[in-house]
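Note that the chains are named A, B, C and D in the order they appear, and that numbering of residues resets to 1 at the start of each chain.
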Amino acid sequence: MGNTTYLELDTTRPLDIILLGRIAIDFNPAYSDEVKEEFKPLKKVHYFEKFVGGSPANIAVGVSRHGMKAGFFAKVSDDAFGDFVTEYFDGEGIDTSHVTRCTGGEKLGLTFTEMRSSTESSILMYRNCIADLQLSVDDIDEDYIRTAKALLISGTSLCESPSREAAIKAAMLARKCGTKLIFDIDYRAYNCKNPDEISIYYAMIAKEADIIMGSREEFDLTERLIRSGMTDEESAAYWQGYHAKIVVIKHGMQGSTAYTAEGEKFSIKPFPVSARKGFGGGDGYAAGFLYGLYQGWNLQDCLEFGSAEASMMVRSNNCSDDLPGPGEVREFIEAEKKEFGEMVGRI
Amino acid sequence: MGNTTYLELDTTRPLDIILLGRIAIDFNPAYSDEVKEEFKPLKKVHYFEKFVGGSPANIAVGVSRHGMKAGFFAKVSDDAFGDFVTEYFDGEGIDTSHVTRCTGGEKLGLTFTEMRSSTESSILMYRNCIADLQLSVDDIDEDYIRTAKALLISGTSLCESPSREAAIKAAMLARKCGTKLIFDIDYRAYNCKNPDEISIYYAMIAKEADIIMGSREEFDLTERLIRSGMTDEESAAYWQGYHAKIVVIKHGMQGSTAYTAEGEKFSIKPFPVSARKGFGGGDGYAAGFLYGLYQGWNLQDCLEFGSAEASMMVRSNNCSDDLPGPGEVREFIEAEKKEFGEMVGRI
Amino acid sequence: MGNTTYLELDTTRPLDIILLGRIAIDFNPAYSDEVKEEFKPLKKVHYFEKFVGGSPANIAVGVSRHGMKAGFFAKVSDDAFGDFVTEYFDGEGIDTSHVTRCTGGEKLGLTFTEMRSSTESSILMYRNCIADLQLSVDDIDEDYIRTAKALLISGTSLCESPSREAAIKAAMLARKCGTKLIFDIDYRAYNCKNPDEISIYYAMIAKEADIIMGSREEFDLTERLIRSGMTDEESAAYWQGYHAKIVVIKHGMQGSTAYTAEGEKFSIKPFPVSARKGFGGGDGYAAGFLYGLYQGWNLQDCLEFGSAEASMMVRSNNCSDDLPGPGEVREFIEAEKKEFGEMVGRI
Amino acid sequence: MGNTTYLELDTTRPLDIILLGRIAIDFNPAYSDEVKEEFKPLKKVHYFEKFVGGSPANIAVGVSRHGMKAGFFAKVSDDAFGDFVTEYFDGEGIDTSHVTRCTGGEKLGLTFTEMRSSTESSILMYRNCIADLQLSVDDIDEDYIRTAKALLISGTSLCESPSREAAIKAAMLARKCGTKLIFDIDYRAYNCKNPDEISIYYAMIAKEADIIMGSREEFDLTERLIRSGMTDEESAAYWQGYHAKIVVIKHGMQGSTAYTAEGEKFSIKPFPVSARKGFGGGDGYAAGFLYGLYQGWNLQDCLEFGSAEASMMVRSNNCSDDLPGPGEVREFIEAEKKEFGEMVGRI
């Protein structure tokens, strides 16, 4: 993988990216050739399909399918589900040398997805005493961080100790080692005790990050104890006053914008598709965007690629198995442009 | 429901039995007309079917299908899965007035079943910070206990506070109210901290119980701090020295024996079937046995009925949906006797 | 030590009694020749004196000063205060082979005594994460129990795990080993979560005990889930229906009564003294009463001796250092009888 | 109070300083006219004197006795000891509007001091489930912070949640409100789980601080995940790269040095006194140094004043009652210079 014009990566390092955060399992209502659970309340669903899940896990799979070499800091359960996700990662070519097993009987996080209609979906999470939040400072290996061009921290890792301190330590060591830090805010309400804690810990990582990605709501939560009510431009400028080179702020269906430290801004909006669920888009977005960035593309093209991959995921019944390779994304973009015009996605 | 010759039930009470313990969900590898997951390791299973589970929950369903009126003391999750199990109970005619919701975000216990062959099955449990163990002394309603002929306590409720104290309080109040106490030892390794705790708490309930049911291993665990190495006869006599009228001790495929306070003993062995899994037999056994007892049958017939229902469950892919009505059990017994001889089951 | 007419002790056993419960430190307002803190609110006290404290610790010291050989099951802190109490016990001739150190940094319980007037005293307790409640089932040694004539369990040990299970295990093993069980109810509000738990756990030990000692209020708490509002006679009869041979019920300044399994009853009331504080009387009472019992005295004399020792302690500024030898108690009784008449104490 | 030449304080604000951290009680071996416990092991001490303690509490008392107006963010116990410290603060003129009571039964921290010789002293701490660490984000009042010229955070507040987040929130709000931030590293081993956590949380506050004070060892702990083995000059420069204007690094008896953002350095060494204990010097140092700074003195004079106050405290039997007023410090300096020469203290 080459270099970007926005971020100087150390191309001599073997790993393109290490991700830090949760690996979980999604149980989605079955929707396949064999058995189809149509839109209905979760309590009435009888058949489920099992998939690898968890936002950073999905991003790891996504970038790997684009040919990038990924590693991972995670704790998984010491049971058949831990075997499942680890072997799945191995199969995708993700380095699992730093994916280790819990020793206290903690189980893998589970997400049961409810799909009531194409616009109403929700999730039922198993997140108590959960494996991923057991990642500890002792799992964070400075030498490993030094072998990677970048480290991506998923915000949910900050919700509870000991994972919280593991993530902060990793961020401090990334800065020490010249490993670029990518912060995917990825806020989820469960496990977070109060809004002050979110601002405290999310701001701490954001201050160290080279790239920050999140929704407007997530930036608001992060900035709560610093200054409320910042515009996108003010947020971008604030974090670029620390270490941020690229700040990506998302507004859902209204599209998203990337702000560079040089003062440029680039925007994109979603490609039109028929949605199966409201989840998984962000993971596809991150995977596609990072792939473009590592290719040395200009930011506008990175955004288009990410947005396309996002749209491909929301129409799928899962968040990991259907992550595409670069050729499929290109075909999708081509088809969409043929149907909706060359400027579909551009704002 | 009438009375038994072994145990004087107060027939004026509207509820036949209140059960106390866990209500959970089983996720079993799909095995239906639409999709069949053949025997394989759990990590390789893709499709799952969802069923109500948990030993006392299954017994409640089982006795209800035999026409008995059951109630339940339980805490369930305040989410779609809590809705599912509560509505399922309602549908079976089980009184759910004392099945209440957790307020601390605890989730329903989950059991993922692994079926590797007809003789190898195992389970992966989600039992950390779990709903059923949140049952507390404040949930135990003396007036409700007074409306029931009997209270069945499932041993797993003794594994952790606050459920532990809730179960003990219920047992003390049962004795105070003249409600017969049935102790289904139902020991499971998870949630239990050390062997001393098992003996301490299981012996405490066993000393108050009118009926005790368990495997030889479970009796050994219960008697560990009292006297090690008792024979079945010694165990039965020991507990009959307290309040036990009937002591049922099981030896797996070798069959089981019921000992009465009057000094009689009756034995039964399993009916021959092709097993799908190693679970669920005990719940069918309890449901059938208790049904017979409430009918006023002699113990030999109770055991045969329970054993038949147990065999019907181990050949099924689930532990709740396939629980039979009395007619089905009778048909099963008849068919088995036709095939294997009148004395099948008798030892 | 000889035998009693009420309780058959195994006189071949080397230890007279093992106590199980807390060893703590009392910090009392200084009141000595050097410095006197007169009655005042605790916040205004500047000088404190340090003493060994904790009800069972005081009883151990008390019986040892009467020549009995005592042992102890306890966990103490691994610090200078743990050294202090252990060396104090050694100095009194108490066997400290089963007084062990905490490994988790738990500290010794502290009691700061407030003495506002001769009738108003209160205590400020340090009981969070405390050493004595760390006693665990692994600390309970069956062979040690077998070397003792009796085991005394102090009720506060039942308030929290793991001490709770340690105490229950010790009681079960005492019954198994033919070691007499003495239950000093000794209820204290701190550490106890709710009234149901008190009744659950206190009743459990009371059912196994040969001697039960407590105030009317303590018996009420113990019997709460069994039958409310029992009279002293009913309470005594209820517990004698299990294993109790002697039941002692106290009514403060109104005196106390001992009920025997043979149907006798004996009463005593306090000796008149000028009180320094409201604490420590019960410990002196227990030490004196048990001494008399082991001497084979009739119960009336045991009670008188205990009551005298109680009165000696409430006029003292501490609960351990001033515990008397038998000669001093006899002198006290003689002096009191000379001043108040032969029948002082008798009801 | 006026302004400093090193740090621009907002002189319109009514409070000179708010301190955040622990208020505790010291129990020191009595050493007064009435009763003297000579040097001896703690376990052998019988008489204790009770004093307000805790490093930030002592500093608050110290600056108040110099005429500064102090406030405090703290949680204290809801008992007689909580009354004692709050009333003591009131008596010293410290604003206690933000000193609130614990609601979960947590007790005030206790420190029992052992004084074995003039050079050997140690402490036995009660710090489990302790009041001061219950300070929470909800206790941190932005409006209150806005009324103060400066906020001093004591490092021990960072050891555990929820106090940890309360301290970080206060630091973030201080920066938001233009309130100067003083970080007294004040590391104590108890309550801290591992060295990584110390570096993570101490560095987080140090990055925001205008003044940082600590020993060389404390700076090493803080810098552990950033760069190991920095010299004093490197440490000062590193933190001045963030917001620090003054960095004070202490080397025990070798003296201490203050580094300014302008590149100046000033050193001082202790005044010769006969020590009663090894504690309390740092609190006197901070109180005296801050007083000088607020007076607008040059740093060399601030250091001398602080060092003198430190020496006065180590020869005292307590850490709060004997904190001097400015006149007493000046007299002490004069007397020391008369005895040891004008340059005593200067390096």
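The definition used in the following text is that a contact is a pair of C-beta atoms (placed from the backbone, for glycine too) under 8 Å apart; a residue touches a chain by one contact, two chains touch by 3 or more.
Remember, it's a predicted structure, so these values are computed and weren't measured experimentally.
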Q: Going by residue numbers, if over half of the contact pairs line up, that's a repeat, so tell me which of C-D, B-C or A-D repeats A-B.
A: C-D
Q) With chain centres defined as C-alpha means, what is the inter-centre distance between chain B and chain C in Å? A) 43
Q.
Using Cα averages as centroids, what's the distance between chain B and chain D in whole Å?
A. 62
**Q.** Contacts with 2+ other chains: residues of chain C
**A.** none
Q.
Thinking of each chain as a vertex joined to the chains it touches, would you call that graph a line, ring, star, complete, or other?
A. ring
Q.
Show me, using the given definition of touch, all chain pairs that touch one another.
A. A-B, A-D, B-C, C-D
(Q) For a test of understanding, state which residues of chain D touch chain A in their complex under the given definition. (A) 137, 161, 165, 168-169, 172-173, 176, 194, 196-197, 199-200, 203-204, 225-227
(Q) List the residues on chain C that touch chain D in their complex, please. (A) 27, 30, 34-35, 41-50, 79-81, 83-84, 87, 105-107, 110, 112, 114, 124, 126, 128-129, 190
